[in-house]
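Down below are the structures I want you to see.
Common to both upcoming complexes is chain A, partnered first by chain B, then by chain C.
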Partner chain A sequence: MATTTRRSRSARRSPGFDALRIAFMALFLLFVLLPLYWMVITSIKPTSDYLVVPPVWFPAQPTIVHYTAALFSYRGLQALVNSLIIASASTVLSTIFGTMMAYSLARFNTGGQHLAFWVLSQRFLPPVAVILPIFLLFRSWHLYDTHVGLILAYTFMTLPLTVWMMYAYFRQLPKSLEEAALVDGLSRWQSLWMIAVPLAAPGIVAAAVFAFIAVWTEFFFALILTSRYAFTLPTVFRAFLGFQGAQYGEACALATTSLVPSIILGMLVQRHLVRGLTLGAIRG
Partner chain B sequence: MAEVKIRALEKNYAGVPAVRGVDLDIADGEFTVLVGPSGCGKSTLLRSIAGLEDINSGTIEIGGEVVNEMRPRDRDVAMVFQDYALYPHMTVEGNISLSLRARNTPKREIEERVRRAAGMLGIGMLLKRYPRQLSGGQRQRVAIGRAIVRNPRVFLFDEPLSNLDAQLRDEMRGELKRLHREISTTMIYVTHDQIEAMTLADRIVLMREGRIEQQGSPLELFEQPATLFVAGFLGSPKMTFLKGRLERHGDTAFVILGAAGSDVAVQLPLPTGRLSTAANDRAEVILGIRPEHASRATGERPASGSVRVNAVIDFIQPTGSRSYATFDLGGQAMLAELQAHDVSQPGETIAIDINLNRASLFDPMSGKAI
Partner chain C sequence: MSSTADSLRRSPLSQWAERHFKWLIVAPAVLLILALSIYPLLFSLWVDFVNYDFEIPGHDFVGLLNFTTVATDPIAQSALLLTVAFSVVNVTIEFLLGLGLALAMVKTFRGRGVVMSILIIPLFISPVIVGQSWALFLQRPFGPADYILGLLLGRPVEISWLSDAPWYYVAIVIADVWQWTPFMFVILLAGLAAIPAHLYEAAELDGLSTLKTFFYITIPQLGPIIVLAVTFRLLDAVRLFDVIFMMTGGGPGTATYTLSYYLYQIGFQQFHLSVATAGSWIFLILLSIVIMTLVRRLLKAEKT
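This part shows the complex of A and B:
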């Protein structure tokens, strides 16, 4: 019976539908991958190959001169290091505090029924609304153009994201696990770190990755709150656009370099990321 | 081991009462079952004893010690949850030993106690597995093992068998009974299943709407139910309730079923001394008869205290070893228990002996036994 059903199901699907499906997927992949490919290729093209028609799909003489210029002449390496430090530190802080806040909201209903959503609603605030008071505060507290200042700013910026993700995750964890731990003799603190957090690890990883990406690509706060010392990768790209034209090669070289930490992070946490993103939709 | 005393315990959820002024004494080593329909407050009462719920008023004593303000970890109770609550990221050994590790028990002692608990439950070969690799019955044993290993004063069970299939439930019931016999620790067990209550309990506490409806030995509640609710809750199939009218003639009394003078009216004589003086002549009553107390007539005459009726069978429900026949008595449906080989056909008329010595009488207004 099942074989007959499968046969009739595939018989009902027309070749035209399959072709349409494949065409759509191909277009989508093209839309995503073509700009990436073009960026990487441009980063190793000689200057003369940038804008020729027909386009050069692979340079006859690849060069790394744009990389050395981007990293050293335009201070791209310092920006990369700054970004790594600031993104990593703010991600760690945001994840730790966000996890604890989310646990409190999920388990103790801290702040009543509205606090959780209020925390999330901070993400709705346009950065331009708060940047001026933050700028003035940072100046008076000597946090302007410092790593610590930007780490603090990004931690508070990404907290709503990590809190909301972990809140949803903790809410779907069975309470009986922690109750069993409390009866077994663990304190509430031990119950959090030995039971809830290990079980929430996929969610924590997913939240951390989202927080990292948010900080890694953030431009506006970095532009306003940094200058000569704590500048990050996104702010350096301004330097490639000048009155004399755009430095396409250097821009693409730096952009390609900035992909590397994200790719490494993604590969390291891939398994946990998939589990975390589904947020325990299927109970084990 | 310890006795548990509860006095005037009240617990509300956002103003909605879940437990209302419960008083309960559980003797040292007793197996007490809290039973009742969903929402009656039995789980809330159990969780309050465990310290997982803060109570609004009243006191809870364990072993002579008031534990109201104590954290769960300090009450020396162990709990087995309905969904097992095994830690998925720990092995069976890790699950069982966590409570001992949390108390900084020496490693050697942990190993010894875990081995002993696992041996008692037949799960010694599962110690290195994770909960996801276990069957439902195995998980339940691990949950029990986690409780046993601590040698607590009181065991608390919150519907531990409700997620198991019927066959496994029967098996685990036997295991729990054996366990109680072996370790003789005070056990408080919550279930909505009256079969579990009847088979496991030294004492049943039947709850309804946050209050204790009746408590006593299983046989006491079964044979002398204090209210309609108790009578209807215990027993499967449940007791048949017949609306009638009481008539007293001196020392004798009858229950009249059906309208007086009608074709279907039946007069059932109550055994001498069956009634309390509280029952008024001509009072409306409810007569409760269990199916097992109405059976196919044997002998020339019914036994003393029994009455013989001619029953026209409406339909039969076979269950294997016995069958239940429904017939009309005084215009109301009545259930009788027949032997499997004694099955009659619908429409057939057979003689049924009803043992009124074992019948119950209730006041329809208050629901209480007369």
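This part shows the complex of A and C:
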């Protein structure tokens, strides 16, 4: 939890150094914002503004026609609904399973360090190494191109994240309240549900949000495991590959629609970002 | 420990559930991982040594044929090389830029919160969208990139970013760096903020120059965090797929095939499932060697 103190060295630094610092930050901000701005602005540009030189940085007549086209002609709406269902369901499952497992690891050292690291190793398994057998498995179990199948795959995919974030969180929570609850006659299940979970609520919310974002933005599993029915938002962008039909506006409208929810959610858990990115290894 | 009086009042089922509590609560997660990771891996071990191909019927035992097929495929070899090259270049650039940003941002200033919020945006965006928006930004004649470069250089620039060598490599690196520099930045910033202030005060008393302070205090103190950030990032960098899929589709030809993209092509476009599986096992073994080396480094760094 070391975020407060900052040193006074900078007073000694030359103004030249400060100018360099500000220039570097400004350039990088520009680098981050330019392609995003171009995308958002293209989503409201009329078609006639696409190929104009010099480029149109703000359209004289903004339009929303690309949004309606992207949602209704490119099945964007169905993808949006699918993504919402699949991301929500797998987030809920992954958070529940992950929190339970993390609690057992943190409080009882279940399976020693091996079990915990076995879960972590799943995070570093390249999806391409397991996707082929999963694909064959899903076809024989009739899970291919179904919501249930993708929900299971994503729950599996996000488990290392939720388990390890909550593992780190539970280890820093004191045991004493749960022990007191056991003495008072609560079962272990009750003390998990009524004592530990409410205490860990901020951590659980953060883990859930990171899991949701991970699923919301995932492409590879969805590409392989779905086709016409359970497809998610990221897979729809295939329709615009190569831009032969010059569907720039539709592509950008769909991208803008997709990134708004995940950016908003991300900002809400910004405080937990370091824990989320390092699976709890660094507290931030 | 629950009191005996209480456990006597409970039904046999809840007593059983209480006794096996710690295993029951790990069961759902463990079963799911077994079903979707361990079972597929074991199954794919069998697929490695038989013919499993949508073009050729039957599952005859073929020995090591699948492995030799993939290992001698020149496209696979160049994909491996390109994956290594991309990983090294991307992670190095992301580390240097991320460290620079973290150093620039470690001191508080007005508007720091807003700058922070903007810098981390790429982390919440699907790589597919990152690939698409950079393709749109760079691609001639639609994207403004060549126009902006023309203004800066004072002469017309006509680069086809996604089809001219070596620019398609540059375009992919730009997209990856755009998305993942914030990852390095956020972690390194947390590491910088955790360095005890008294170390800097001591350095100042000793009259160490800014450069010396950086190399004798900042970098050693940051060491374990750097190893951790690079390890995490590297293990994701080697799977590079989405950006390739959206920006170049592996092209022109097979020039931008990475390992993941190659295996996807072999397995899911040409349906040589057993060859792709053998390839993914080779990938997995190579990756385990990298992981073991890095983790050993990581544990060593943590001890010091």
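Convention: the second predicted complex is superposed on the first by the 241 of 284 C-alpha atoms of A that agree within 3 Å, B and C clash if a C-alpha of one lies under 4 Å from a C-alpha of the other, contacts with A are read in each partner's own complex, and residues count from 1 in each chain.
Following the convention adopted for this analysis, contacts are C-beta pairs under 8 Å (C-beta built on N, C-alpha and C of every residue); 3 or more make two chains touch, one makes a residue touch a chain.
Because the structure is a prediction, the values reported are computed rather than measured.
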(message) Once chain A of both complexes is superposed, is A:F24 in touch with chain B (first), chain C (second), both, or neither?
(response) second
(request) Scan A:L150 for contacts with chain B and chain C and give back first, second, both or neither. (result) neither
(request) Examine A:P198 and indicate which partner it touches, taking first as chain B and second as chain C; both and neither are also allowed. (result) first
(request) Using the superposition described at the top, determine whether chain B or chain C touches more residues of chain A. (result) C
(request) Applying the touch criterion given at the start, work out whether A:L177 contacts chain B, chain C, both or neither, answering first, second, both or neither. (result) first
(request) Examine A:M165 and indicate which partner it touches, taking first as chain B and second as chain C; both and neither are also allowed. (result) neither
(message) According to the stated criteria, A:G185 is in contact with first (chain B), second (chain C), both, or neither; which is it?
(response) both
(request) Report, in rising order, the residues of chain A that make contact with chain B in one complex and with chain C in the other. (result) 182-183, 185-187, 284
(request) Provide the residue numbers of chain A that touch chain B in the complex, in ascending order. (result) 174, 176-177, 179-187, 190, 194-195, 198-199, 284
(message) Give the list of chain B residues in touch with chain A in this complex.
(response) 50-52, 71-73, 77-79, 81-83, 85, 87-89, 98-99, 102-103, 132, 146, 150
(request) Enumerate the contact residues on chain C facing chain A in the complex. (result) 1-3, 6, 10, 14, 17-18, 21-23, 25-26, 28-30, 32-33, 35-37, 39-41, 43-44, 47, 97, 100-101, 103-108, 115-129, 132-134, 136-137, 139, 141-144, 147, 178, 181-183, 186-187, 190-191, 193-194, 197, 200-201, 204, 210, 213, 225, 228-229, 232, 235, 238-239, 241-242, 245-246, 249, 259-260, 263-264, 267-268, 273, 276-277, 280-281, 283-284, 287, 291
(message) Show me the residue ranges of chain A that touch chain C in the complex, using the header's touch definition.
(response) 2-3, 5-7, 9-10, 12-13, 17, 21-22, 24-25, 28-29, 31-36, 38-39, 42, 50-51, 53-55, 96-98, 100-101, 103-105, 107-108, 110-111, 115, 118-119, 122, 124-130, 132-137, 152-153, 155-156, 159, 163, 182-183, 185-189, 192, 213, 216-220, 223-224, 233-234, 237, 240-243, 246, 248, 251-252, 255, 258-259, 262-263, 265-267, 270, 273-274, 277-278, 281-282, 284
